[in-house]
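Scrolling down, you'll hit the structures one after another.
Here come two complexes built around chain A, the first alongside chain B, the second alongside chain C.
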Partner chain A sequence: MCHPTSPFPFRLSRSNLTTMTTPDTLTLNSWQVIAATDEIPVGSITRTTLLDTPLALTRDRDGVPVVWRCTDEEPGDEIDPETILDRLPVTTGYGFVWTSLGTPPKELFSITEYAEPDRVNMSCGSIGIHVSAPRAVENFLDMGHFPYVHTDILGAEPHTEVKEYDVEVSEERDEVLATRCRFFQPRAALSATDGMEVEYVYRVPHPYCSVLYKSSPEAPERRDVIAIFLQPVSEDRCRAHLLQSMIDSTSTITELRRFQQTIFGQDKPILENQYPKRLPLDPRSETPIRADKSAIAYRRWLSQKGVTYGVIPAAG
Partner chain B sequence: MTLSLSDSTWYPIASSDDLPFRHVYQGQLLGRELAVWRADDGNVNVWENRCLHRGVRLSIGINEGGELKCQYHGWRYANRSAGCTYIPAHPADAPARRIQNRTYPVREAFGLVWSAANDDQAFQPFPGAETGDWFPLRPIPVNAAPEDVLAGLIGLAPDDQPADILPGLAVRLGHAHYFVQPVDSGRAVIRGVLAGQPEDAIAILRHYNETLTKLRDRLERAARKKPAPAPLEPAFEKVSVDLATMPDIAIPRGNTTTVVVKRKWTSADGVIGFELAPREGHLPTFQPGAHIDLHLPNGLIRQYSITNGPGDLLSYIIGVKAESASKGGSKILVESVREGDLLSISEPRNNFPLRRDAVRTVLIAGGIGITPLLSMARFLDKSRLPYELHYFTRVGEQVAFRADLESLHGKVILHTGLARTEIGQTISQALGEWSHAQHVYVCGPSAMLESVRVTAATQGWPEESIHFEYFKNDKVIDDSSTFEVELARSAMTLQIPAGKTIMEVMREAGLSVPSSCEQGACGTCLTGVIEGECDHQDVYLNDSEKRANTAILTCVSRAKSARLVLDI
Partner chain C sequence: MITLYDFELSGNCYKLRLLMSILRLRYDIIPVDFFPGRQHKSDWFLKLNPFGQLPVLKDDDLVLSDSGAILAYLAKKYDETGQWFPNDPAITAEILRWHAIADDITSTASAARLALGFDYDFDVPKAQAGAHRIFRLMDEHLWFGEREGRDWLCTPPHPTTADIACFPYVMLSEEGGIGRQDYPALRRWSDRVRRIPGFTIMSGIFPAGRALEQA
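== the complex of A and B ==
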């Protein structure tokens, strides 16, 4: 059973009452991330939820992921993937498994750096967050919270200024692009003793995914890549899957993972205290400032694309 | 009875004990979440539990004593008004737009904190409340519909002593008054007060806790057997249109408030303090460095800095110098305005914003110039940010606001009666060599401003780290340009020759144009610009307002373009 009945009498809380909505066509027909490939067991079942739909997944002996709509499978059940006939489309990319409940495009958006041979590519874990996927994307794009939420790591009071930066929606690639984003960081690298200004570039190539580029301390002409892929579990819940593609010959994978998990561990409680949990697209629902240019562009882009899942669409 | 989101009844939402200083309490009433906090002045604030910026709960924010600071981006909101005073992402800007959180009415009485969904009803305590001495009981939350909870309380009454049902989900049972706080359609809190102070408070509290806990268990058992009522669904109000767009520079103007001169006193020889209070409620939010325009009985308008600290909105305190050379501005205030008089003031404007992102802040005041810097010091003090305040007074001149300065915790240094060269040396030492994120703010006589600017520049301070404010326009006005002005609403085109101001030409053409200082300092003649490029020569608009090119002071400013279209 995918929905075990609780042995305790329970009362409906507000989140249980949230009506399930049919995802918009774009969301339905897009690739959506569901798990880190190497965390899926071979020959036995694990489960997850995508767009309110329970899914079962496993890998065959060759390591190829198989995903299907869950009926009465239990996690840990042994399974012969050959017996699964009604499968959902699957692709792998950037160390993760992606599926779709509709008809997905041929290819996933590109992160060209990932293929460079000297990079350390790693998934940094998956964190459940009780907020919509677009809220989490917006938080990833936001620099203003660094001194308050990631104190002494990505920022520190009193260095709170968000300087002017550029935002565009690239028509060619259909993605939001923020460039020249600069922020003063007290300790931008482990070796740094003085604070320095760090420059970022952000891309939003998918309504629920964002990619961040920052100059690499080891090779200043190249850029480290940190990406967040959000799995829309329901309209107000998501799982954040993190990718790092670094030029770093000294840090261990454990250290690099711990760093990203610390950062997201700091974001989680803030995001879970955000209301409403779905991202409101009506410009009059919140109060933007100049520092929020990228968020405004992202909201408009979602509106124009007709994304309605995980957002509160603007009326009219 | 069904609960309504617009129910205007006052309900208790917290015990006074729930609100120690520097704490934020999360309350709930009629389905709405509330951030409830006590400021250092004792005032209790009940706000919608949501920062207007990105919707994060304010109950996880930080109570700084006079302001509440959001955890997500550090936005600060003032005690009483809930107006935003600081946006750290843009530390050099004063938040020009009026960003104000939703507030709810509040009263603290009988050991309880009361609130209501709206202002429709005046606070009416239960019968006999005002004369009694009340002992608050501990609250008991109940997962049951508020009306069922009330019925349960009524049922506690013995047969021979029926309950006295009061308006607003309240009931009296002998010595106890009970109030049901409707948290939501299926949740309530029983709050109560007893008449008189018991001898053994612990025993009494235990007795009532036991009785009410039994009642709660009964009510919750019954509630579980019923279908859960649909929760109330309060909507978040939309922000105003001007807040929804990316901020263009809005120049507030026109709105005045009538204030009463509550107190007038001699703060120092030649400096008169005025306390200006609203006739009811509180005054508008201001930021450190802000000033008000004071409309004087003789029609003149003069600017005075607010000296107050964060969230201090019950009155504004200003300092006025009784100058012998005064042109009738300060003079009339000092000589003829008395306690109890009514005056008209503008909304606070800020051309002297304080950045709160400095590692070192140097405040330099000369004479009456202490007023905006006192406010700045108070804000920095409350947030425990480092600062040094140097206050220069002349020989024989006294220190104004001495008691206020003494209560500050930062480094306050008084320099009295120094010779000119000594002042220069002292300023040089106070400034030191510049390094990243150091800022200096100076207010005082023109000579002192100049001295600080020159000294700072030679010691490596970049221009954007030196902040000062003019109240007088000492600049030489360049009136050599000629251009054309089209008055859009008056359907009139005027030629402005060299040597004449736009205002003069407009008056000659028969238009009535309000003005006061006519030197580009007071803002009375501010006019909207529709087209063309302004040649700003005033000291009223701040740099970003000037850059925005949306308004002009017609008494001194001119056009860089050949043609200017004004909204008049």
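== the complex of A and C ==
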């Protein structure tokens, strides 16, 4: 059963209500990712949840996604998309469908590399995690965990030091940018044959999305792009939609997906063990480790933007 | 020549990687895109296993499926010590009973994990309750075992394929929202499994002694 929102004041217990707040204006009016476009059935219904709101989605005969607020639809039900009049806004980008519960901007943030003709672009799956979207972004930005969590792939002892790097908030693009991030990696990508010092650039162009650029082992002058787009399901649950846009002329999509899923599968239990599940924005609430310059900038940026969904806002 | 048709995040595939690592067997992996690609339902895979389930293992021309059956095959064929799947009729029965319980763990703990993580349409509270019921019984069985000097699921004084079959989806249970804090004997047993010589990890399962597990 899909739960329509109408009976909710009667149905939800008090403890549920405390975790179900109205999303902030920015979150409501932003594009939010909900599915990999190819995975949405044509002519039948699939469902998902965005910001505690059940949604139904399908694609029409031309493959164009249609999204609306779910009432009593069941997954697998056949549907003629023409009959859906009360639709939510939809855009597609980077192989995924994005919608909004408010009035979204004209365009999604840009990842220009995605359009380069020789890139291998793929979703590596949409995986549910029991943690807030901002916690998942923060983990994505952290290089300090590589040797311990992604042992012998993205890091290895004794190469545990996070070297000095730069972080700024780009006024013009309104995003967090970390550059000159360097780390020794035993197997930086599927195409890597040896350990190498890899240079990373991280962008956070959306409160719940991060894009990572790392030198490509196959073409050192170019960069592989790996992005994580978090769908805020509730304040303490999200779905991670994983994008890879790679320079790799030899691996299959299955192999490239497997590499990324192996990494993400290692992050998952670490993320789900974080407490609290929402990200505290008060600088004094958690003692950030020394490497966490980008995390501090990210938390401050969320505070300044007035994001309250999935976070514990700073007092005062 | 052994070939494993494998999905990294599958606990059932990991059972075979784990036993082959312990037995120091060399094998090739053919990755199968179970998620999101659903290749286990594709025509080429259904020719290997019409039931559309991972894992599949090929040993020369022999094609095998079902993780429990393959564990028995690998042990009987390649374990020179004869310990992992002993010939004794009573112990064979004991092991097969735990292989069946391992399948019950798959249909409960793994189902909850698939629903929460991989968008499968399963009844999560029912799957979680089912897993807790099994974990409670395992914990009791292991707790009494420790008092009798038995460290493993079956009677022999060493691990068997029963331990391998039950281990992965116990360890991945938290991804299905099933905590193990109430099952101390089950946690001690899982630490012992992780100390078996030749033990190998999968994504989501860390080596013994990590901070995460002690928390």
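Points worth noting:
Heads up, the rule we're going with is that the second predicted complex is superposed on the first by the 293 of 316 C-alpha atoms of A that agree within 3 Å, B and C clash if a C-alpha of one lies under 4 Å from a C-alpha of the other, contacts with A are read in each partner's own complex, and residues count from 1 in each chain.
Quick note on the criterion: contacts are C-beta pairs under 8 Å (C-beta built on N, C-alpha and C of every residue); 3 or more make two chains touch, one makes a residue touch a chain.
A quick note: this is a predicted structure, and the numbers were derived from the prediction, not measured.
If you count the residues of chain A touched by chain B and by chain C, you find the higher number for B. In the overlay built on the shared chain, the residue A:Arg284 is in contact with chain B alone; chain C does not reach it. In the superposed model, A:Lys293 lies in contact with chain B only, and not with chain C. Once chain A of one complex is fitted onto chain A of the other, the partner contacts of A:Asn273 extend to both chain B and chain C. Once the two complexes are overlaid on the shared chain, A:Arg258 sits against chain C while remaining clear of chain B.
When the two structures are aligned on the shared chain, A:Gly306 is found in touch with neither chain B nor chain C.
Taken together, the two structures place residues 269-270, 273 of chain A in contact with chain B in one case and with chain C in the other. Contacts from chain A toward chain C in the complex involve residues 36, 39, 75, 123-130, 239, 253-255, 257-258, 261-266, 268-270, 272-273. By the touch rule above, chain C contacts chain A in their complex via residues 7-9, 31-33, 35-37, 39, 116-119, 121, 174-175, 177, 202-204, 206, 212, 215.
The touching residues of chain B, when paired with chain A in their complex, are 33, 49-50, 52-57, 60, 71-74, 87-92, 99, 143, 186, 224, 228, 230-231, 236, 238-241, 243-247, 356-359, 385, 436-437.
Those residues of chain A that touch chain B in the complex are listed here as 9, 11-12, 14, 17, 138, 143-145, 147-149, 157-162, 195, 269-270, 273-276, 280, 282-291, 293, 296.
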